[in-house]
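Per-chain residue numbering starts at 1, and chain names A, B, C, D and E are given in the order in which the chains are listed.
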Amino acid sequence: MRNWTRRHVLSAGAIAGAGLALGIRPLAAQVADEIVLGGSIPLTGVFAFAGIGIHAGIQDYLKIVNDAGGVEGRKVKYVAEDTGYKVDASVAAFNKITSQEKVSLYYGDSTGFSKTINPELERRGSILMAGASFASELNDPKKYPLQFMAGPDYSEMFGILLRYIANEKAGARLAFVYSDTEFGRDPIVPSEALAKTLGLEVVEKIVTPPGSVDVSTEVLKLRRARPDFTIFHGYVLAPIPEFIAQAKQMGLASRFMGTFWSMDNSTVERMGEAADGFMGVMPYRYYYDTEGESPMLEKIRQMRPEYQSTAYLQGFVTALLMCEAAKRTLAAGKELTGANLKAGLNSIKDFDTGGLFGVPISIPGNSVPIGRIYAFDGKAKQMKPASDWIRLEA
Amino acid sequence: MAAPHLLEVDNIEVVYNRTIQVLRGLSLVVPKGRIVALLGSNGAGKSTLLKAVSNLLAIEDGAVTSGAIRFAGEDIAALAPHTLARRGLFHVMEGRRIFEDLTVEENLTAATFALTGRGASKPSFERVYSYFPRLHERRKGLAGYLSGGEQQMLAIGRALVAEPSLILLDEPSLGLAPKMVEEIFTIIARINADEGVSMLLVEQNATVALAVAHQGYIMETGKLVIEGSVDKLIHDQDVREFYLGFGGGGDARSYRDVKHYKRRKRWLS
Amino acid sequence: MRIGTLKTSYAADEALFDTRLQKLLILLACAAAVLFPFVASPYWLFLACLCAINVASATGLNILTGYTGLVSLGQAAFMSVGAYTVAVLEIHAGTPFLLNLLVGGLLTALVGIGVGIPSLRVKGLYLAIATIAASVVLHFVFAHWPLTGGMQGLSMPPARLFGMALDQPFQLYWLILPVTGLMVLGAANLFRTRVGRAFIAIRDRDISAEVLGIPLLRYKLMSFAVSSFYAGLAGGLWAYFFRVVTPESFPLVNSIFYLAAIIVGGMGTILGGILGAVFMTMVPELLKFVAGLVTPFYPDALALLAPVRTIVFGSLIVGFLIFEPHGLAEIWRRIRRFFHLWPFRT
Amino acid sequence: MTEAARDVILDVEGVSLAFGGVRALTDVSFSVRRGSITAVIGPNGAGKTSLFNTISGFYRPRSGNIAFDGRSLAGTAPPERARLGLARTFQNIALFRGMTVLDNIKLGRHAHMRTGLLDALVYRGRARREELELRAEIEERIIDFLEIQHIRNAPVATLPYGLRKRVELARALAMRPRLLMLDEPVAGMNREETEDMARFILDVKEEWDVTILMVEHDMGMVMDISDHVVVLNFGQVIAEGGPAAVQADPAVVAAYLGAGDLGRRLSGPEAA
Amino acid sequence: MTDWLFLTEVFLAGLGSGALYAVTGVAFVLIYKATRVVNLAIGEILMLGGYAFFGAAAGWHLPAWVALPVAILAGALVGAVVERGLIRPMIGESPISVFMVTIGLGSILAGFVQIVWGADPLRLPEFLPSAPIFIGEAYVAPKVAYGFLAAMVVVTAFVLGLRFSRGGVALKATAADQAAAYSVGIDVPRVFSLSWIVACGVAAGAGVLVGAIGGISPTMGVFGLSVLVVVIVGGLDSMAGALVGGLFIGVVEAFAGTFLGGEYRFLVTFSILILILMIRPYGLFGTHEIERL
């Protein structure tokens, strides 16, 4: 046993040494005019379902771009590291990638990471970043000048939902159900205020601890409040289905809604019986949406004949917007600095994303405040549009 | 020797924690149907010997490093303590070790596990209660509330339930009033006579031990120093002086003098 | 090879590093530590800083758990106290970073003493659970107190030294490594004196410690104080390193991580705390590296990384406890002994 | 204070102790003369160790008083008693297994040292001076005296039984004791080891000027080296006096023999 | 706030989740009683049960009444392997080392589940009747009600079995004094093995109930943390304590969640834990002294 242990340790040490040698090696050889898109991607951990889609989406879009000759003749190289959705691992990945490549674009996996790394971004001034977080806080060009998100922020998602509700039923009673996390709490305060101005009444706010398994008491609270609409936020799947199932068993006649990360078709499908009629906000068209012109969706469907998640689309769109920003910067004859890239991004006006967003978009700030309400059709097992595209005015 | 020995301890050595040697080259036998007393002072290794025999040593990180122990002709080295109990070697441990949170009857029930595999019919505690009527009175009470003497009775009662051929008794007189010691030793002798159970009895109270035993061993610091029939032992001058407490002619040298000859040794070195 | 040691004074015998070889090794290690930032990439500097922070915290936990025998599952929560203190001071008071670190450490020590008070009544597992409970309470406070920024936490400016912002691994290295070095040295010193011996006595047999004149409660609380002071400092360093502190930055898993680090490294040895923390910090990186190597042959390797990491983490704890309870420090000692006697015995 | 009282270092008066209704000690009174070796004997379970634990301060007596050097110990915690000069060893050896012999001995001095936490962390000035002084004293006085130079850096866990007992004695000596309580110092030792220990005990008394109170089963040694013997049985003192007198006391003989019919069979004249 | 109906409903929901705590607590106590091991992996074994059920019911398309025994057997098997492979070699080590081994085990199990079933939360196929249940006018979620019933049957079986069976005597004897139990002929290692096997089976069964209500995910092991509170409050070695503690904590959590908000749940239960530790370290029903380190 003893011998084994020692040998084991020694060989582990040897491997570690090899790793060290490789790591310390000076900047990896890089083709002179490549543009590098780095990524801290949660390929594993609790957010892996999204990370894997995002990863594929970015790769696919870059393939399309590179096959077409790149951005202004320059190829885009994608370098990603897994983070397990942990802030320190994301920071480590960032440090690792930026120490080996000259990175201009970066995809970050969480709000915490984006907040952590932003001072560093500003210090470097060479990178434009986007990511999986739609945190309202990040949607502030003054505080986060080198950041953007490929869709509405969480408060804007609520804004879209509330506008829809106000249209459907004036003075409707609302309940917000959200997790006790940064993600969950993000849009609650501003959305309450917005609901008031729209003449809606927030009758109940239910916070659940993260990882909660039993929601029976919360459902009792919900039943007592008798809302017309219940909006879930800060979850992916659990405990939404249980909430809905129990509420339906109790005969509660509320409609249930979600935000971006709960809105993937396969996620909603997994809600089982509870899925029918589940609605929510989505800035993109779904993979199977064949209505109207959407050459990009066509291309995606050609590349990948099976259904692709909304996370895939999010990664795809983010890469698309990043490349567009780079293209505009280079076309203007400017260097690829963070500020220039952001300026390039902000110059996007009435831009057609190849039909991924249903309408042409503009990015005056850090977000793309557009979305549409979809509802799940139990028979077709698909999300179907329930509203037209809703554009929030800045 | 015509009578086969029920227990043979053959030249064993015992070590604790891989370092501390407690028994060195110790041998003894228990003939069938007899009570053998093992006497010696504290720390001499008597309890250790019993634990070596019942294989309970391992629990305390002790081990028999050489020699052999045979029970009914079979080497016990590979037998777990409960297996030994089921084969008829029952250890009544020092300090009684009854299950205090269990009732008297549950304590006896626990001992029925020793009958596993012997195909015995439903065990009855009548025999126990006939030897110890007091236990019958208190059979529904928690064993922890029994007096010290009653607890010792229960410990021996458990042994009776197990129907053993050999009982190892570790200091049954410990902490008991003289009257109670008398009572218990009388019953021990009766059990031996009535049931034909052999016993290996470890005691510090040499007087009572030799009163019930047929033969005895005396050990000091891990080694046997004197052995023989009880008659021989009680006539031995050293035994009378050191174990039975009869004053007598002094030792060769007093510990008070050690300073002088030891000191010399120190100067020399 | 070395045959024995001759020493001419008790002072020499009481020294931390007693052989010439050891002194040489330490000198070499120091030189390497000074040179390292100039040759390493930011990524490796990043890892070095992270290792150093974890070493500081693990050493603190080792004082409490490894040396005093009081098991704590609250080390990460203690770190969060230090981290938040530093962040709040940096944001609102703008005081110099060394002062902030010190205040963070002292405040954490106070919290540690509070958490340690039950230690006279409850021991072992119960104490460990009391520290979990304390973690839960601290987490709640930080997550709901406006001063600590609620669930969003605090983003803070970098430490400043002579007007220069310490915001890259290269600069932070010069802050983090010396502080950690001093902390480790302090811990090593502690166990050369009566205070450290009293801790060990309490671990080994607290009743007889009392007979030797060691007041139990006082020393148990002292151990909690020192240990959480270390945690607070480590948390402060962490805050300067990541510059954002949220309630999720210091989950219970991190407390388990530190406990695992000292188990793997070796409980109750200074070297163990260092080796364990470095080892446990590097293992995930190593796994990532291996996954990278395997990816060409097995494309899903990366996706398996997180569960494999979890399994390896658990297996290291279990494996070391079963096969090498004295940890890496013991393995190191055996290797050293091997070379001392080499080539006469193998 | 009378002359006689000044001569007494430890005075146990009317001490009773009970554990949840079970009486461990009943009205125990005796005193230990300064500079003497006093032995407490009695059958197993007679309450000897309980008595020691009461004097050490682990158990609080239900009634009675213990005075050390004329000062009542009531309300004094064990660590404080150690500082006053009350040292002891344990029946089943309470050394710290994870530490070396040297560190174990150093621990004995704890109560008399003054190094604080901050001193300790920097190990300069007082901490260093104090440690080095202690080391020198231990080496030159204690280790040399008990002849354990060769094992001083060995971890205690690796030592044989006899040596451990000696290390425990060394640690007690490091406590600067005025009264040294030894709980079965020679239990489990052979004649040779017992002789060594007896010599050390006598030397400690004479050269270190320490009073000794011990519990011991080895009658030979007790009778040879003690000046005064206290006999406990069922938590009560049944006899007290010089070794010879105690040995001859019928109550003592009965306590060891049991006084019933079984015992009489052997103690009768015909047996001799 | 004198809406009695609502209060009753909250109370019943609390009892429902409390019953699941109780049954898992019983599994925990069983292991502790027999082997003195504080098994922190109980939450992960519960999780494994949920996944095993999922694997059998959704993967192999077995009916629920087959999948449930499969899950319980899977738990029992893990219990047997763990006891032989990890716990037996640790006999005689400090309780804290063994406790850390179970923490490591929990981590291994969580990783294993992720490798096999992925990190996403999953839902178990519906197998409990979904018709709403009313007690008087008070509504009880059907799953909660059936979970409560099942849990109570198991807990009662354990409490009674322990009190009146010969096996119960063996367990209590082993718990009280291993050496003495050995000496009276009780096969102590078998008691150890059986207690792990049975307890892990029960925990796995509880995992199916918990999973049916809240879905399953690799982080489900957190449930074990609440169970830890339950058994400390009830007393580590008391089955009755686990029952009372479980129901108590369940109800307290329900009311805390309702009237203070979900984020207060952990705070309240752990505050109770601290309180109990200060005033009654062995819990409400615990009988044994604190283990020494």
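We adopt the following convention: contacts are C-beta pairs under 8 Å (C-beta built on N, C-alpha and C of every residue); 3 or more make two chains touch, one makes a residue touch a chain.
Model, not experiment: these values are computed from the prediction.
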In contact with chain D and chain E alike are the chains B, C
For chain A and chain B, the contact-path distance works out to 2
Outermost chain relative to chain D, judged by CA means, is A
Per the C-alpha centroid definition, the whole-Å distance linking chain A and chain C comes out as 36
Averaging C-alpha coordinates per chain, one finds the centres of chain C and chain D separated by a number of Å equal to 42
Between chain A and chain D, the Cα-mean centres are separated in Å by 74
For chain B, residue numbers touching 2 or more other chains are none
Touching two or more other chains in chain E are residues 114, 119, 218, 263, 266
Residues in chain A with touches to at least two other chains are numbered 44-45, 48, 180
Touching pairs here come out as A-C, A-E, B-D, B-E, C-D, C-E
Per the touch rule above, chain C residues touching chain D in the complex are 10-11, 13-14, 186-187, 189-190, 192-198, 200-201, 203-205, 207-216, 222, 225-226, 268
Listed in rising order, the residues of chain E that touch chain A in the complex are 3, 6, 9-10, 13-14, 16-17, 20, 114, 118-123, 126, 130, 132, 139, 141-142, 144, 210, 213-215, 217-220, 222-223, 253-254, 257-258, 261-263, 265-266
Listed in rising order, chain B residues that touch chain E in their complex are 54, 56, 59-61, 80-82, 85-86, 90-93, 97-102, 106-107, 109-116, 158, 162
Listed in rising order, the residues of chain D that touch chain B in the complex are 43-45, 147, 157-161, 184, 187-190, 194-196, 198-199, 202-203, 217-221, 224-225, 234, 247-248, 253-254, 256-263, 265-267, 271-272
In their shared complex, chain B is touched by residues of chain E numbered 92, 166, 169-170, 172-173, 176-189, 287
